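Below: a set of structures, written as structure tokens.
Each of the two complexes below includes chain A, the first together with chain B, the second together with chain C.
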Partner chain A sequence: MRELVVQVSFALYAALTLGGAVWAVTAKSLVRALLGLTLSLMGVAALYVLIAAPLVALMQILIYVGAVVVLIFFAIMLTRAQAEQEEAGARDAGRTLRAGAAGLVVAGLLAAACLRHGPKIAGTAVEVPPSDIGAAFLGPYVLGFEVISVVLFAAMAGAVVLAFERRKPR
Partner chain B sequence: MNGSSLAAVAPELLRLGVGLLALVGFIAANGMLLLYVERKVAGHVQRRPGPFEVGPHGLLQAFADAGKLVGKQLATPAGADGLLFWAAPLMAFMPVPLMFIAIPFGENLFGLQTNLGLVLILSFAGFNVLALCLAGWGSNNKWSLLGAARAVSQAVAYEIPLLLSVLAVALMCGSLDLRQLAGSQGGWPWQWNVAVQPLAFFIYFVCAVAETNRAPFDLAEAESELTAGVHTEYSGMGNGIFFLAEYANMIVVGCVATALFLGGSQGPFAPGPWWFLAKMYLLVTLVIFMRWTYPRVRFDQLLNLNWRWLMPLALVNLLATALAVKLAG
Partner chain C sequence: MSPLLLYQLVAFGLLAVGLFGLLSRSSLVGMLISVELMLNGAGLSIVAAGQLTPMPHELGQAAALFVMGLAAAESTLVLAIVYVVRKRFGSAASDAVSELRG
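Up next, the complex of A and B:
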């Protein structure tokens, strides 16, 4: 029973993720593409819940849907696209075919690698409490954690520099 | 497979289902109640009685309003993207019942047992901004678009001090579980977190009012300059669902403040859900009073208040809390 529920929900979430991604790529209007991206991100969040990682799932929603998608929306508003306008030009069949083939090659390689060399799938995923995740970040993985903070700090400093640079010429 | 494996899944699922259903009822009932309270408060603040004709003291006015909203025609503006236009109110409302499931109304009165309740509420609260964006964009109306642009910059800005102030309390108690956070406080007001973290409570409250787009921070609506901002083109229940979501968000904000800062369902003499509801409704009434007391701020004032005052204060507060926790522990 439980296994069936998990399998059905996996199929649903995978369909949501892939369907959203396809919509994001094929939509003619930028905001509709963004909605597709949001659906895809939600599907990924649901998959995280399925592997008993609710903290990662909630962070995915908090950061991607709550912040990144909204920022992309802000960028779209700056492009002065019209609400009824279709931004994408006419599609060229050969190009679609080539892009599809390129995507399939990467997906196929990844799938083959995962199927052949992937670790054995654990029977039941165990949920790790958030305090353990925090302890791991500040214990064995502290170097990576701090490097990420440095990268973020550099990005923030760069953004500030760029913003002031543009303001100067007046 | 057999009965035992079904039973292993069923109790949590049953609790979740019943909880969600009850919470949707709770939200709808509260929408009606708060609509009445808001109109009454607005009336008395402006020295008039408010709704008075439908039922005794206008008690049934909310039902009449709901009937009117449901009965109205749903119009999609010409040249608008119908899909985005109608996805927006749905996206504003659908995450709301999910936010409620982690709220501990009482010792055993909650929808879902999770050690991430706080993160759950904060993450689903982000959908509201996206809904306002879609509404503004899908309406094909320049006022709506301006409202959406304001909503984005406001929500992105105020989310940061809100998270930081909540984080200070979570750090102090060492948990993200709302039940545990509420339970770690005592019954009397001086044992509540608000006595230890008054600055965090103040920052949280201001940011929460801004995040729910309530006056004096309702720049996304701003009827004096943007007609009704993102809500301009919505008629009937389209508008009604946005209002329902707004009231429900106010209640969520009040519930989180109660659980984090005001001791949750703890209270003098007889702890229980009634204390939780009393504190929550007190906060919500305060928010309603603020709307009818203060004039709307200007947009630059709104952003300056956040970036120049609330954000540094929240950061200092978090640092001080971390230091105090480290020294005490």
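Up next, the complex of A and C:
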């Protein structure tokens, strides 16, 4: 019974993830594409819960759905990309075909390698307490932890410098 | 099929869809959405590999959190770049940025 519930919910979440992703890349309006991205992110968060990683799932919702999606929405509104209707007209069939072939070839090669030479071991997912993750961050991986805060600061400072409107001298 | 393999296949699906979107979209914001999809696939693959194999579980989760932080930094910068491109070229399409064309 429990096995069946897990399998059905995995199928549901995987369908949500991939369906949202397909919607995100095929929708004509960029706002709808963003909605598809949100669906896909939520599906991935549910998949995280399914393998006993609730902290990562919460962070996924907090960072991606809470921050990144809002940032992309700002980008859409700032550039008024939807009003330009640039996604609607320029649908080149050859371009779509080439893009699909590229995506399928790369992912298909990786999937074939994974199917043939993937590890046969199957561990069971055990939930680790958040304090263990915190100990990993502040113990052996403290350098990466500090560097990522520098990266975030540099990205934000760079964004401000790029978008800063300099007053023209008269 | 083992659960690890199923998770990796979902991650490869996200990679394929994101790559397709990156190459077929013509606006910079659409390309950014596709890049976020691919980064998500990477995070899913990392966490699945950490949780479903006998390696220390907290390493996979910590690596996924790193990926999320990098994705946030990347989207902040891309937002600023898209804004500047829109201001300078009058459009946020990737074809508009072609000043070097002879």
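For the reader, a short list of remarks on this structure follows.
As a working rule, the second predicted complex is superposed on the first by the 144 of 170 C-alpha atoms of A that agree within 3 Å, B and C clash if a C-alpha of one lies under 4 Å from a C-alpha of the other, contacts with A are read in each partner's own complex, and residues count from 1 in each chain.
As a convention for this text, contacts are C-beta pairs under 8 Å (C-beta built on N, C-alpha and C of every residue); 3 or more make two chains touch, one makes a residue touch a chain.
Please read all numbers here as calculations on a predicted model, not as lab measurements.
Applying the stated contact rule after C-alpha superposition, one finds that A:T96 touches chain C and leaves chain B untouched. Legend: residue contacts after superposition of the two complexes on their common chain; A:A21 is shown touching chain C, with no touch to chain B. Using the contact criterion defined above for the overlaid structures, shared-chain residue A:L35 touches chain B, although it does not reach chain C.
A simple residue count on chain A separates chain B from chain C, and the partner touching more is C.
By the touch criterion defined above, A:F74 lies against chain B and chain C together after alignment on the C-alpha atoms of chain A. Contacts of A:V65 after superposition: chain B is touched, whereas chain C is not reached. When the shared chain is aligned, chain C comes close enough to touch A:D132, but chain B does not. In the superposition on chain A, no contact is made by A:A46 with either chain B or chain C. In the overlay built on the shared chain, the residue A:V5 is in contact with chain B alone; chain C does not reach it. Applying the stated contact rule after C-alpha superposition, one finds that A:L55 touches each of chain B and chain C. Shared interface residues of chain A (contacting chain B in one complex, chain C in the other): 55, 59, 67, 71, 74, 84. The residues of chain B lying in touch with chain A in their complex are 1, 5-6, 8-9, 79-81, 83-84, 87, 114-116, 119-120, 122-127, 129-130, 133-134, 137-140, 145, 148-149, 152-153, 155-156, 159, 174, 176. Against chain B, in their complex, chain A makes its touches with residues 1-2, 5, 29, 31-32, 35, 38, 54-55, 58-59, 61-62, 65-67, 69-71, 73-74, 77, 83-84, 129-131. On the side of chain C, the complex with chain A involves touching residues 2-10, 12-30, 32-34, 36-37, 40, 43-44, 47-48, 51-54, 57-62, 64-66, 68-84, 86, 91-93. Chain contact summary for the complex, chain A toward chain C: residues 10, 14, 17-18, 21-22, 24-25, 30, 33-34, 37, 40-41, 44, 47-48, 51-53, 55-56, 59-60, 63-64, 67-68, 71-72, 74-76, 78-79, 81, 84, 86-87, 90, 95-96, 98-100, 102-104, 106-108, 110-111, 114-115, 118-126, 128, 132-133, 135-137, 141, 144, 148, 151-152, 154-156, 158-160, 162-163.
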